[in-house]
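Paired with subunit B in one complex and with subunit C in the other, subunit A is shared by the two complexes that follow.
Coming up: the complex of A and B.
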């Protein structure tokens, strides 16, 4: 450059700049042509357009977002909340949950539960989306498929109350031995393994949904994989499923109770787990519900004066202990010491700080029904007074019993989520500073945390349990010695007996007393340290009414939703 | 030329085989159990699941089976979506990532060359300073921040105008692609701008440029024929890896803008220990990268007469 005269240089720069501008222009035009081409290609490949607003009154459309795409719409194998929520809209079991979260007739018009079994009379006007009636045979086939060890369904255990369920699932009996049979097209006869107080709750669950055998076999292993690989019998039918991108549900014109359904289309063209992105869509008026408000989003929601609602997702989170004899946590005094200094309110309000959670007090959450009212109102949790002095004394005794000179070191197993890390550090600090215990945090990816728990490779673990049906038993049996999910191997004869009583008794009073006894034992024995009952805060468009949230069953449920025009 | 291409393809296949083997070994040495779930299952079910995915066999045998299936183009069935094959997942979601990636790279390539040439021409003057400042920003700000800012800007824009000018998220129309591809390409564009600038500066005072001027060629011609064409070579070199990086690295952008690309499956599979999806996506991306590099080397032969492909 230096040996060029400055005049030449300026001239060069000028002409070159003009050149660049022309090039830029050409590039822009090229870019536009490319976009046009892409537009054409995407139109050819049958892509969709999602340009409606959150609420479109004219067409009766509500636009929503999903956390992820439904991973599994084969009802015998679905386990996650997104799949179960979608299934709850497009499928219907013998019974369903209504807008008040009460059980209501579904495919079954009426039913009778006896001590040894049950009979369901199916309504004649229940139809599949191809017009063929739903029959008792469809239930028999679905239940047999779900319980078959070849299907390897994670939720097969929910069918164990049906006679021979567990034996079939363990490969000891053929599926034909399952205690369910179609007397005729309209009558379904069920035999129980033992008397059962909550069977109505179970048949509303998605694993109990019907599947038509001929259709299932015609899909050759792809049942539930795509929009054409499913038959629908619910209030809505799926009309579009672009994997990872878009699910559209439309009102099912053949549904027997179609007058009840007021929305025409539930459109879900956005799948994201990103809360900020979800909030942006809500702000832009593109989605009617924003479901996962974190602390940051909450501030904005409060500023904007959006209508906030809370609901509990039903799960209970706690510190689980390992009771194996070679673990220090098998020592009652050590556990007691931890119990006496743990304050769940502090954990919820000052550490987790996410809106919607309640401080945990018991394994049995507040929403469970007792005999007449809520279980926890009828049988309050025994109060535990925080007491540092007593805790230190217990620790002293524990050390003597364990033959230790110094407070022991304890491994705390958590997964790798940011929330779990915060919680683990809180416990590490609390137990370290107050009792001088060394808490070693063992952070693992989700699957490895589960593997370590199931192999009893932990002392303490941050653990959560969500209900499978709306009965205290779904929590109570977690600590039964035979339960495969009793990862810490808690083993208490009286507790086991109490669980067996609650499983087999039909008397609500006796059952609830059994659960109350279990609640007491868990606290006396310090089988767990409750942390919190998880809840969520969400916002909805004011025009969307009648959305049902629930702890058990399809959630969220838009089948009863409607658009109010004000 | 042909023998060179064949040789490179053969090398490419060996690289892919190596990638597959390394991934297989790494995946099986990561602690954790892909079949474990929150609800414990009985032994019979466990056995059935192991059989379904071939995990009941010795690892070496699993490896051989996997390799022979892969050679036939069959990546198996996903662990998390038990009725979908990995081939389906790649077939349905890679085109989305590719579309996004191509747009991003077009944007990055054009932008990078233009800005780079401009900054070189205006070296140490105001346009250069401003653009280079933006370039530093573009390189150092992570894509999730840019994505979030981009999306927020859209919300504000739509709010200001009063109707949806551009969609905030989602996928399907050309309008959905615009902002995510700009966001995705921004980092690469910044990087290419710097590369272009430095190579342009080298060229400007090169002997052949001086010769061109002394021949009496008009500045326009010198710029187009001698400067730009030569300066662009390093940009083309990095374009191959950049295409692969952009196409595979769109995870954050895909998450923020709710785009159904393959990147999401890639990341989720690792978190879920979904063996078949991890293998499928890694090998696929690996192959993609390898062939991109080969393609760029071949293109190089056309662009630069000094390179002889033998």
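Coming up: the complex of A and C.
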């Protein structure tokens, strides 16, 4: 009886499994057929987009990808690289950067910089996109708006060199007191707060772009919010802005130098920060440029035989310390110990593994110009020899001074990008295994990391600084005691004096020596541990030529790009 | 005629041997019976072996494979299992000042490619040092490196170096060197800083090297062997490869399993225990108390887990960069018991009305006897099954929380955080994702199948069948 029962059951099981297998097989095939059908249907309905090429030579159209939607196209408020890049295409300041990254005349035909101020003579054929001439009044209005405390622009400080800028921004003076004046429609007079060596660099920056007062007021606070809420005076004008989805720029027929512009349309129908989807779009020929590649995508790029290019984005990345007296990192010996065992070359070559990054040696990157040649060639960085023994001795002294029996525990603040996490774990192991320090990794999203840095809620932080203008001061100022971005509150009297000297002097020799002194102080005091100078690897379609990448100013810049026929 | 002799024994009555129901097989207790039934279920049995194997892997593994899971082997980054480990012993790395030359300043002449590229030293994983003939009129050079030949379309590969000094005719490549073949190309730049079209390529085979000190400290040579320059050794073995920072995958998987299985076993034990106590109390007492207790359980079900996890993290004073395992455990226990409580309450309510309980009561059984002897054994099957099904769920929750960065703090590995790290290098180094993902899948599947088998085996009503 039992045998019979189990026999029946076995047979039943067998039938059941056979049925299951057949069912699974049928489901798989059915699913595949369904997918095929859907693909076919989508190909039928979307054929006109599927065949579209990233480069259309006939109409002069280039299709590109934007990392994000431009968050802010009001030039007085824009702070991020995407907005500044788009603004660089649709607006023009007094001066602009040309295809060789040199300053070139923009709205200003000629100019004169004096010790106490500057005069700009505007070209009469500069036009807004509605045909009205761009006048000196438009600049006066824009600068006053940007500096006004009511605007609360994060970049207001870049106007501080203009007389009374800082007092106006802190609310002590009315905006009319700003040292800028329209002599007539074509002449702009600027007064400086103090002698200034790099004002030409500043006026190319987007915060210095013109805005027409009547138009600004007619938008009732919506200036820069949509296609119709902007007036353009640059080489391109925006003709389409579907928020979150699509931006299209077309050649501005009213632009004074329109012969220079060879592209007719720059179409940006894709917004993504995801490197993998960007790579796929490029692979499918849907976009003509991939503006940076991650280490994980290099092999694929090599396999596809793409022509890779490199440019330095100008930024410097380093470990910043918190100098508050209640933090262990305020101890010089502890910082020295970390400095003596950190090898930026190993970090760049073994851990980050991206070609293009340069091992960091100083706060001042290699591309900065000195008196005659590069600053770093004229004033080489004091060399630091790695020395584990000395590092351990310094740590011992530090522990005695701090009254600790064991190596302290240190919080390392990083943002939540995968690259930052990798670096943080590298440092954690380096300082842990060599010096016995316990490193706690504090991963925060970008905004939270900035907030924590501003509240000085960190010991060590992975920090990057990009230049606002092409002068060593944009880096040197960072560690001045009064700078709000000096988050660790590094405070050194000699350093401050040296920054003030570099700010006010007009003699290049004196200024560069001041920067060299700053470079030395930062290394002697171990105010930071340089990690790397960031480089980017990017690819452009072989037919698209003349794309300009730069460290300072709108990047990437397609205003000089053209389509070559071969 | 034979005389019949009777003795007293003959007058004892003959015992009637009554063949009553014979027990032909040894009597089986509840557990023995369950075990027998589990043994016949092949899937459950294999799952049981896998679970035991996992426990051994986790607890005993690190004693056998004594590699520090946090140690970074920067010479073997993201190396897959079974990678070639041959290496040559060389002297330590010394900085190189490079080579400069003064080329004849011939202006106005078309700039071509360099005549020849040479290796200044044998190419090793320490450094590849290239030198080349100066190009007349060049203002600088660009150095490219490819994994494939640049022919025929001139795809030069990675731009690894930019030289802005016309006199410098050498380049030292340190970037991510692996024992493989590289195609190095040198392009000169003209006075505008633009690259010229011509290039020269050199094929370089890079060999893996270690220094004498590394060979001794890593134990690559025997204990009494003095390594000599040029000796061939094998670099450290990583059976399952290494991750993106050169950490041993096998060691990380073992330590990661500790976190995953610790949470996966401790949390269900506790919340099921709480659930049993709560549910049986509610079920046994009944009435208004039951109503009140169960409405409270409903309230707990509605609380969001992730939010509480974060709240506990703050309440416990867990700073950034510290492990979130304890708050995770607490949040799991505090929020997960109502499911068990409901189940047990339902069972108790049902059993309370059974006839044998009434009979037992009539025979004078006390409350504790009723609960211990009748109620608990009859709910045990349900309870055990709940535990085995809770284990994979909790392992998954841990993996998920570590995946989004709420769980373990680096460098402590857990399977979830390893998956998170592995997914970023998925296309180039799939082993970093596959191994932890596979282990999570196997563990979850094994516990599920085991739970399934246990449900069948422990069901008291199936006892008399077969």
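Assume the second predicted complex is superposed on the first by the 512 of 566 C-alpha atoms of A that agree within 3 Å, B and C clash if a C-alpha of one lies under 4 Å from a C-alpha of the other, contacts with A are read in each partner's own complex, and residues count from 1 in each chain.
To be clear about the criterion, a residue touches a chain if its C-beta (ideal position, glycine included) is under 8 Å from a C-beta of that chain, and two chains touch if they have at least 3 such contacts.
Here the structure is a predicted model, which means the values were calculated and not measured.
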Report task. Could you say whether A:428 touches subunit B, subunit C, both of them, or neither, answering first, second, both or neither? Result -> second
Query raised in the report: Any idea whether subunit B or subunit C touches more of subunit A?
Result: B
Query raised in the report: Should A:444 be classified as contacting the first partner (subunit B), the second (subunit C), both, or neither?
Result: both
Requested in this report: Based on the superposed arrangement, let me know which partner A:170 touches: subunit B (first), subunit C (second), both, or neither?
Outcome: first
Requested in this report: Please indicate which partner A:34 is in contact with in the superposed arrangement: first for subunit B, second for subunit C, both, or neither.
Outcome: first
Query raised in the report: Is A:132 touching the first partner subunit B, the second partner subunit C, both, or neither of them?
Result: neither
Query raised in the report: Of the partners subunit B and subunit C, which touch A:272 in the superposed model: first, second, both, neither?
Result: first
Query raised in the report: On subunit A, what residues does subunit B touch that subunit C touches as well?
Result: 2, 444
**Report entry** Residue ranges of subunit C in contact with subunit A within the complex
**Finding:** 70-72, 74, 77, 145-148, 153-160, 162, 164, 174-177, 192-193, 244-245, 319-322, 405, 409-411, 421, 424-425, 427-428, 466
Query raised in the report: If you look only at subunit B, which of its residues touch subunit A in the complex?
Result: 30-34, 36-45, 48-49, 52, 80-84, 88-89, 92-93, 95-96, 99, 103, 106-107, 110, 114, 117-118, 121-122, 148, 151-152, 154-155, 158-159, 164, 167-174, 177-178, 204-205, 210, 213, 218-220, 222-224, 255-261, 264-265, 271-273
**Report entry** Residue ranges of subunit A touching subunit C (in the complex, touch as defined)
**Finding:** 2, 5, 100, 296, 298-300, 302-303, 305-310, 345-346, 348-351, 353, 355-356, 374, 411-413, 416, 418, 421-422, 424-426, 428-429, 432-433, 439-444, 537
Query raised in the report: Can you name the residues of subunit A that touch subunit B in the complex?
Result: 1-4, 8, 11-13, 15-17, 19-20, 23-24, 27, 30-31, 34-36, 38-39, 42, 45, 47-51, 53, 65, 69, 71-72, 74, 77, 79, 149-150, 152-157, 169-171, 221-225, 229, 242-246, 269-274, 276-277, 280-281, 283-286, 444-448, 450-451, 454, 484-485
